[in-house]
Amino acid sequence: MRILVVNVNTTTSITESIGIQAAEAASPGTEIVPLTPEFGAESVEGNYESYLAAVSVMEAVRAYPQPFDAVIQAGYGEHGREGLQELLDVPVVDITEAAASTAQFLGHRYSVVTTLDRTVPLIEDRLRLAGLLDRCASVRASGLPVLALEEDAEAAVKAIVEQAARAVEDDKAEVICLGCGGMAGLAERVTERTGVPVVDGVAAAVTIAESLVRLGLSTSKVRTYAAPRPKTVKNWPPRWV
Amino acid sequence: MRILVVNVNTTTSITESIGIQAAEAASPGTEIVPLTPEFGAESVEGNYESYLAAVSVMEAVRAYPQPFDAVIQAGYGEHGREGLQELLDVPVVDITEAAASTAQFLGHRYSVVTTLDRTVPLIEDRLRLAGLLDRCASVRASGLPVLALEEDAEAAVKAIVEQAARAVEDDKAEVICLGCGGMAGLAERVTERTGVPVVDGVAAAVTIAESLVRLGLSTSKVRTYAAPRPKTVKNWPPRWV
Amino acid sequence: MRILVVNVNTTTSITESIGIQAAEAASPGTEIVPLTPEFGAESVEGNYESYLAAVSVMEAVRAYPQPFDAVIQAGYGEHGREGLQELLDVPVVDITEAAASTAQFLGHRYSVVTTLDRTVPLIEDRLRLAGLLDRCASVRASGLPVLALEEDAEAAVKAIVEQAARAVEDDKAEVICLGCGGMAGLAERVTERTGVPVVDGVAAAVTIAESLVRLGLSTSKVRTYAAPRPKTVKNWPPRWV
Amino acid sequence: MRILVVNVNTTTSITESIGIQAAEAASPGTEIVPLTPEFGAESVEGNYESYLAAVSVMEAVRAYPQPFDAVIQAGYGEHGREGLQELLDVPVVDITEAAASTAQFLGHRYSVVTTLDRTVPLIEDRLRLAGLLDRCASVRASGLPVLALEEDAEAAVKAIVEQAARAVEDDKAEVICLGCGGMAGLAERVTERTGVPVVDGVAAAVTIAESLVRLGLSTSKVRTYAAPRPKTVKNWPPRWV
Amino acid sequence: MRILVVNVNTTTSITESIGIQAAEAASPGTEIVPLTPEFGAESVEGNYESYLAAVSVMEAVRAYPQPFDAVIQAGYGEHGREGLQELLDVPVVDITEAAASTAQFLGHRYSVVTTLDRTVPLIEDRLRLAGLLDRCASVRASGLPVLALEEDAEAAVKAIVEQAARAVEDDKAEVICLGCGGMAGLAERVTERTGVPVVDGVAAAVTIAESLVRLGLSTSKVRTYAAPRPKTVKNWPPRWV
Amino acid sequence: MRILVVNVNTTTSITESIGIQAAEAASPGTEIVPLTPEFGAESVEGNYESYLAAVSVMEAVRAYPQPFDAVIQAGYGEHGREGLQELLDVPVVDITEAAASTAQFLGHRYSVVTTLDRTVPLIEDRLRLAGLLDRCASVRASGLPVLALEEDAEAAVKAIVEQAARAVEDDKAEVICLGCGGMAGLAERVTERTGVPVVDGVAAAVTIAESLVRLGLSTSKVRTYAAPRPKTVKNWPPRWV
């Protein structure tokens, strides 16, 4: 089984760590293919960048040669999953939804800890549309931008662990979803501090994608996610894709 | 006052009729500037096309020379409004939200009548996120694609009027929002048949944009719609924009 | 265009400042007619007074000679708008709903700052019924009664600015609706302190009423707001009206 | 124990039948005092009439000499209960809420059958604010006005029974609340046809009022329903009250 | 009238105090029969114990000789009420729902104060399913286990009063429901400290059960609570029942 | 990896077919252990039977010798999952939630098709508590009891396929969850008729359980699902267990 795991930003070191996380979660026999979009922001922390990522991810997947068995959109709280579902016959899994969906099997309520405060409403909106917000205790921000996770990992970990602890103590979360990229040992540190299970979206998405493939299930094509109707699309895609 | 009214598809005849509708609703002294995106589908009827439109509309607005006072995104149920709000300091009004918001001043519940059934969930999702779904009695589809509205206007009108009548009689709508482009006389025909007020999104959006400008109000920049952070954006925009 | 702006209490100095606010927001050519009810409380801060105001406002409007083009009910969180809609063929705009509806075009979530804590549930209930509560971050009270706004304006402004700041910082509001009468410079002071746009309900209502009139739209009469059925009404209205 | 049961319209024959219904439900030792308001419509079927009734009921209760132990507002879906709660120290029970609250002990979902279609949204709004709408399967109208219940009882019964049957069969209601006045045998006829329990709002309200009195419980005065603040109320009440 | 009041745990001293509370609330002529289940935990503070209690309560009621007129399940936030409704033709009242339903007649919002924090989600879930959560301001835990209420009543009272005060001040509750057993004077102490009405679930349930019996109403049998279909039930009930 | 799959009724032929379904969905290396409870009804079609099953399933799992890695509760819409989560340190997956959670990755809205109409509210309640109801288009009943699925498989299949078709056409479901046991070819028949993906709860639960185990995740023990506190449990379990 081959699963494309598509980063939403254009920073290849992040694609690499996403790929490593995905590979660790994958079953034997699953090939993880990490992809970086051709265009877009070096980190996605808002709607403009997220819409651009939505389109860029779609083009990256369209340009990748068949066959593959599933696609994971590896950005937290980003736009675009519905478009991928229209374009593809294979299952598409968004890591925001994968994490929340998994968390709901583990505790009565879950919280998400993410990077910048400005992305909190995006994540909440994605969870609301996915029907996964009822059991969300809170979405909390560490205040650190995405790229800081790579620059000063220790400070990032501390800030995230702190917010996770507040989610458990103040918001009564029983599970934490990590709404940010893969730092070594982050999940362990959060669990150590809070005593609750920690869900990584990329890992969760890999197991869900594998499960859908094994069950022979894919996106319903009867209405919302039917393939785009044949029509003229002007000036698209750009030449470099 | 100058208001950009941006079509979401690349069909210029639709841009023209949107421009005419907008101009009819505008106050004396308001200049309406209709814009057509440089890239994208000839009609937007699904998520892939809508995400592409989101990005294309943003680039069209970014490329348009300042000054202008407000922007209207003239596509029903489409993605992208939040991105425009980040990019601009002037108010941004989406016609889906403008219509629903206006309808709520006119009756206890409203319905939307749109084109293809596959776009119904997109419209519902946009209204849900906008907090405008509680008083929505139904979103109904005429079954005719966007471009058919231009090709066989009479058939389109009949199908839309029929769904509007069912919304009023079966779903107890007291107001109809037209979730599709501007055919001459459509609103009159619907009102004649159903006896309820009919809201055109483009016209509603023009009055709301004018009102915001006159009140000196624009998008809040403290959190969700803060300007994008300065960062490297790779390979974007494409050369032709 | 002539718009009646009806105060909900019987204090004429408040009617006057409402009238001034309304006139400032009005377009050239719009005549603002401020009305004070014939009976009722000097300030409305609870349900008994609000129900009395509902009836008194309706009688004031019924007694005012035609023609006029729209009516604004200028009380925050008060009862009665639905009754006016039944009695009239012209549009009716409530300032609570006008403010919230306008705020939703400006930020992801809004808060209301009002006078006494006891009126908070009334405002919440009005917003809930109007389908405008989903994006309301909080309704906060300054703790000062309505008439105190006139007596010690500086203290009132301070208390309101303080609650607005807490709404932005603690409740994550991105827009503030002023749920209380027109003090000079209040909006400016709140914006200065919080950095967010501030919506005044009276001003917002004027632009919405003007917009509805210009669009040729008025209350739907097919169901909820149909004119009262012809019937015997005993002992009403009282002689002085 | 003395309980005031206040009609919302000025038709004394309806007051009488409400009084009889209430007396039948009352415990030994409970005195039922039926009251007719001094002013208002002969039947209440819309918001204007309902707001007028709200005020008229409040004045009727204020004018009635103490002591009494509880007040029942005997109109289905009407405004005003919150005002009574402010004015009084004794418990206030609205029959719409009493019926729904009782129905919820009897089945998974309940429906309301009422008179005219135009009153359906009023009832839904009252239930929504009361937090009693979640388990409401539907509010259905027989299409007959209030006074028709007295004029052609048999036709009224038939129309009501028919809607009750549709509520049970189509909407999956397990309990029916009668949202209209007391016709002899109506409940029996509905139960006979549908097999489900039928709740009469007046009877339910009597038992709830008695229960609150026996438990020594009354309206909380700490916030929403605190007594009106002392203030000047102009021109009110009218002379005849 | 005979009402069975069934404890959910197997501690007979608790059954006794429940019986005393129930008897104090009962009308003259009502016989209260307190029952202790044959099997189960000495106190119920979680789902395992609560499910066991559900079954044990059902067997206790099935084993009790007819006739009786109503059954009260006297555990806060416990499972099982729906099963009793299937087994019996007489009304069944759960004290969690009785308290909330009663509280809603007394104030705009209510809070529940209970024992251990771990039971808070159970209570919230019961209220959600009962459609009674909308007006719940909070469910708060005193931190003391059920049996501690008997061991150190004074400490328990203090902890409960403290949480009630925070519910009123911080969460804006206007009524308190006591989600724990009957300590002498607890309600008085809470009212004294907070100034709000306090609802005891057992007492509320007694008056509701009496009311339903007097109104001739019982559980609807058409769908959800129809009697179990005739079928083979293996190895049940256990020999000692 | 060893996964217990526990039937909720005492019919061993059903346990067997559940075991076969589970084994087909399991990865190589996963051992499926089907369990039948020691006591309870031959089929579970209502609350009484479901509560009994909840307890019986818990005892069956407690009696089964460690080690095992996960437990699946294989009854649609049944009580008890929360109790198992308290008792165990390994993950617990309910098939109702597994099916809905999986369906949400496949389409915008899903429907459930189950057996008897009386079980519909149980399923809806389970989905509501699980936070999985927002995207549920409908729960439909075929009208056939559980055991009929074994007795006249062809009639059962026809009735289920018919309801699935109505869910897709009338309720706009894009995915169907099978809320009933494993008949050969049922999923294929439904897909053939409706064109939408069909999710079997047992198969979905197996993949989710495996995923949780592989990710090293299990039930959070900090609050709702903490192990039962040490205490005296009287007369339990019965001797035969």
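First chain written, first letter: the chains are A, B, C, D, E and F, and each begins at residue 1.
Just so it is clear, a residue touches a chain if its C-beta (ideal position, glycine included) is under 8 Å from a C-beta of that chain, and two chains touch if they have at least 3 such contacts.
Please read these numbers as outputs of a predicted model, since none were measured by experiment.
With rounding to the nearest 5, the Cα superposition of chain B on chain C corresponds to a rotation angle of 180 degrees.
In a homomeric contact, the two copies may use the same or different surfaces; for chain A and chain F, over half of the interface residue numbers are shared, pointing to the same surface. Chain A and chain C, compared by their mean Cα positions, are separated by 44 Å. Chain geometry summary: the mean Cα position of chain C and that of chain F are 52 Å apart. Centre to centre, using the average C-alpha position, chain C and chain D are separated by 29 Å. Residues of chain C in contact with at least two other chains: 108, 121, 172, 223-225.
Against chain E, the residues of chain F that register as touching in their complex are 10, 38-43, 45-52, 54-55, 58, 79-80, 82-83, 85-87, 117-118, 121-122, 125, 128-129, 145, 223-226, 228-229, 231-236, 238-240. Every residue of chain F that touches chain A in the complex is listed here, in rising order: 25, 27, 91, 93, 97, 101-102, 104-108, 130-135, 168, 172, 174-175, 194-197, 199, 203-204, 207-208, 210-212, 214-215, 217-225.
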